[in-house]
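Each structure below is given as structure tokens.
Note that chain A is present in both complexes that follow, paired respectively with chain B and with chain C.
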Partner chain A sequence: MKCLAIAKKDLLLELRSKNMINFMILFSLVTLVLFSYTMSFADLQSIAPSLLWFIFIFVGMLGLSRAFIREKELGTLDGLKIAPIQANSILIGKIIFNLILIYAIQIIIFPLSIIFFDISVKNPFIAFLVLTLGNFGFVVIGSMFSIFIINAKVKELLIPVLFLPIATPLLIVSTIALKKSFEGLVISNEIILIATYIIIMSTIAMLTFDYALEE
Partner chain B sequence: MKILVENLTKKFSSVIALENISLSIKEGEIFGLLGPNGAGKTTLIKILATLIKPTSGRVTIDGLDIVKDKHKIREKIGLVSHETYLYEELTARENLEFYAKLYGTEKSVNTFLKKVGLEDKANVLVKNFSRGMKQRLAIARAILHEPEIVLFDEATTGLDIKSRERFYSMIKELRDSGVTIVLSTHHKSEAKLCDRVAYIEKRVLKIGEVHEVLGDS
Partner chain C sequence: MRNRIIYALSYIFLLTGSYLSLLVLKPEKTLGEVYRIFFFHFPLAIVSYLAFAVSLVLSIAYLRSKKMRFDDLASSSIEIGLLFCVLATITGAIFSKQAWGAYWSWDPRQTTTLIVCFIYASYLALRSAIEDRETKARLSAIFGIFAFFSVPLSYLSTRLWFSLHPTMITSKGMKLEKDMQIALLVMVIGMLFLYVGLLSLSSRIKKLEREGKTFYTKS
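Our next item is the complex of A and B:
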């Protein structure tokens, strides 16, 4: 359970420094307030799923890109690399940490979005499940790409360029699924697609991470 | 031989960092790597620490290949570099507990804090430590899993004379407990701690006992 030690350490560092979580919460709340004041509730009902994903893309990318950059900046990445652990333990540790962050945002933002946007959600449980599943896929891809860019000069700029095209299918299906769940429609096909996508991307991440970690 | 380096070459793109290096290090000795900046000392230490792969040649530790058996080798080595690998926002104890979990060691971190004289600073955030204290904690981190080999890569950079003296006595203690030590340094005073040294400048120029390589000065 060495991955849990890595996730716990990252969580402790984040709770002490609050480098990311404060910005993530602030950005999410400002976006919610901004849209709720500037758009009609009728419009919000139809674009709320896209808006929610818009928030998660931006706050997620901020956190995901920092997962390994912080280790690099602190000079601690080599400390992890020389430990006798599987490289995938590091990746899984980072995924767990990023998931905790993004789910913390999700737990705050999802109920607030229903209140601020005044949207009717026929099946809130399924909508929450879709967000949870979509964010899982989002975090897996983001964590994987954040190691690929670790030695690049423009790390934070490079991650959206690499990440967004790959994540687009997931985001489209997740947005459709979220919209359908708001309307109370069946989304089993979308859930299967998202789950398949996650399995494929997780497999690629596990197979490539060891190579990506090496200089 | 504890460490055997045979015809080792390392290139970074077209830049040759190490060229056809061969040397051997005996069990329990302090072996020094000397040379000017850019001589390839850090590259050699990083290869021994399994952080980078050789371009060609072979390195073995206890007969284990550094590329194929990197996980087994990582259990045998500890690395202290000018980077401490410590998290500034964690306390000394939290740092050691984290690395102890990664190395799967059951020993209490208090033993190691005591060993490096930081038991009274266990609950202080590392960001409040002096450079000397950080390096002492870095040694504790590197020896948590009781490695057979400890690699020191210019680890005394930025230390004052008092901290450096303390550092030297820790190295001697490690040697006395049977640990093999590889020490990369610029300092002649550190080289004198070594049983043997190699003067390298991309390739091994001289190897032998300290007085043979450096003279009697």
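Our next item is the complex of A and C:
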């Protein structure tokens, strides 16, 4: 339950300052509009799944990487370290907070993407579920990797370099799954693979986060 | 002395293997002469994956014991593995041009190897971005664990991608004859010795560099 306290703390901070959520929503809206403006509607039907994932990945990478940088900048990371809580609770708390952020954006962007891209979605609920699951995977990896960059020289440059190759399997599978759900096809294999990815990566994250935090 | 024996063994095996595969073996029925590159491609690929597996074990060993020696070995293993992996990709592309008609055809194995190259290149990027030796070792060990487990996941996901494109060739379908197996085995053993030799050399350089640095800061 300590993780909920951390998520609550971050959420409260965010609701007061709103410096991340506003920027993330604006960024995703701008990219969405630019994508739909620069591409023809005929192409969009087939490439919309990839474009949607690109929006989520970029907004995620830019936003999620802040999870621990902010703690480091404010000097509160040491406070978290010496607090009588398990290291994993910090990670889970950050994951919950990031999930809330990304899902807030997903709820706004997904309907808008159908409008702007003018795509036909056979299975909107399944498509939404795929986005939810995929974003969960990205958030787990993104939150974990954001601890890597706090000690690095080139922080913002390093996160895509670390994040994108490891997230490639998830990106490939969730793009296929989203495409298939737009066409109304069965996606049980894809869902299983996404779930496997999430389980494996979260297990490693839970086992190693303790080491990542110590100094 | 031990290193010299390892190098000598790797030279002997690689030379014998090259002689067998390039000069002794007869041209293959369907592929002709070009199949000989397989005797370099396959050992490189196998040894690179082995190097990554070794780095996983060493990364876990580092996290448990915090001995710098394990970090030296793990990072060296990944450097050599990456080199072998790139070479395997290049030789694979040449082989693929003759066997399948194109240098690059997004076959699941090709794609996975490329992704693996990117993953381990980002491991080296992470290492170069962190100054503090201890932090570098710790974080890169964790990243090494993530990297290794994303390899099978990449393979599975690219396989899935290919179910969308059924026209591509997914299996090489190459059966090896007895003499080919021997040549291949000799090459694999040679590559293994080369890997062990390079690993011990590279980790020794790192150890000396580290000791040199602490010597400077002390005096």
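FYI, the second predicted complex is superposed on the first by the 215 of 215 C-alpha atoms of A that agree within 3 Å, B and C clash if a C-alpha of one lies under 4 Å from a C-alpha of the other, contacts with A are read in each partner's own complex, and residues count from 1 in each chain.
As a convention for this text, a contact is a pair of C-beta atoms (placed from the backbone, for glycine too) under 8 Å apart; a residue touches a chain by one contact, two chains touch by 3 or more.
Only a predicted model underlies this, so the values are computations on that prediction, with no experimental measurement involved.
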Check your understanding: Is A:83 in contact with chain B, with chain C, with both, or with neither (first, second, both, neither)?
Key -> first
Check your understanding: Looking at the overlay, what does A:172 touch: chain B (first), chain C (second), both, or neither?
Key -> second
Review point. A:151 contacts which: chain B (first), chain C (second), both, neither?
Key: second
Exercise for review: Applying the touch criterion given at the start, work out whether A:161 contacts chain B, chain C, both or neither, answering first, second, both or neither.
Suggested key: second
Review point. With both structures placed on chain A, which of the two partners, chain B or chain C, ends up touching more residues of chain A?
Key: C
Exercise for review: Identify the partner contact of A:9: answer first if only chain B is touched, second if only chain C is, both if each is, neither if none is.
Suggested key: first
Exercise for review: Tell me which partner A:72 touches in the superposition: chain B (first), chain C (second), both or neither.
Suggested key: neither
Study note, to complete from the structure: The shared contact residues of chain A with chain B and chain C are 214-215
Point to revise | Residue ranges of chain B in contact with chain A within the complex | key: 49-53, 71-72, 74-75, 77, 79, 81, 83-90, 94, 98-99, 101-104, 141, 145
Review point. Contact residues on chain C for chain A in the complex?
Key: 63, 115, 118-119, 121-122, 125-126, 129-132, 135, 138-139, 141-143, 145-147, 149-150, 153-154, 156-158, 160-161, 164
Check your understanding: Where on chain A is chain C touching in the complex?
Key -> 144, 148-149, 151-154, 158, 161-162, 164-166, 168-170, 172-173, 176, 189-190, 193, 196-197, 200-201, 204, 208, 211-212, 214-215
Exercise for review: Could you pull out which chain A residues touch chain B in their complex?
Suggested key: 2, 5-6, 9, 12-13, 16-17, 74-76, 78-86, 214-215
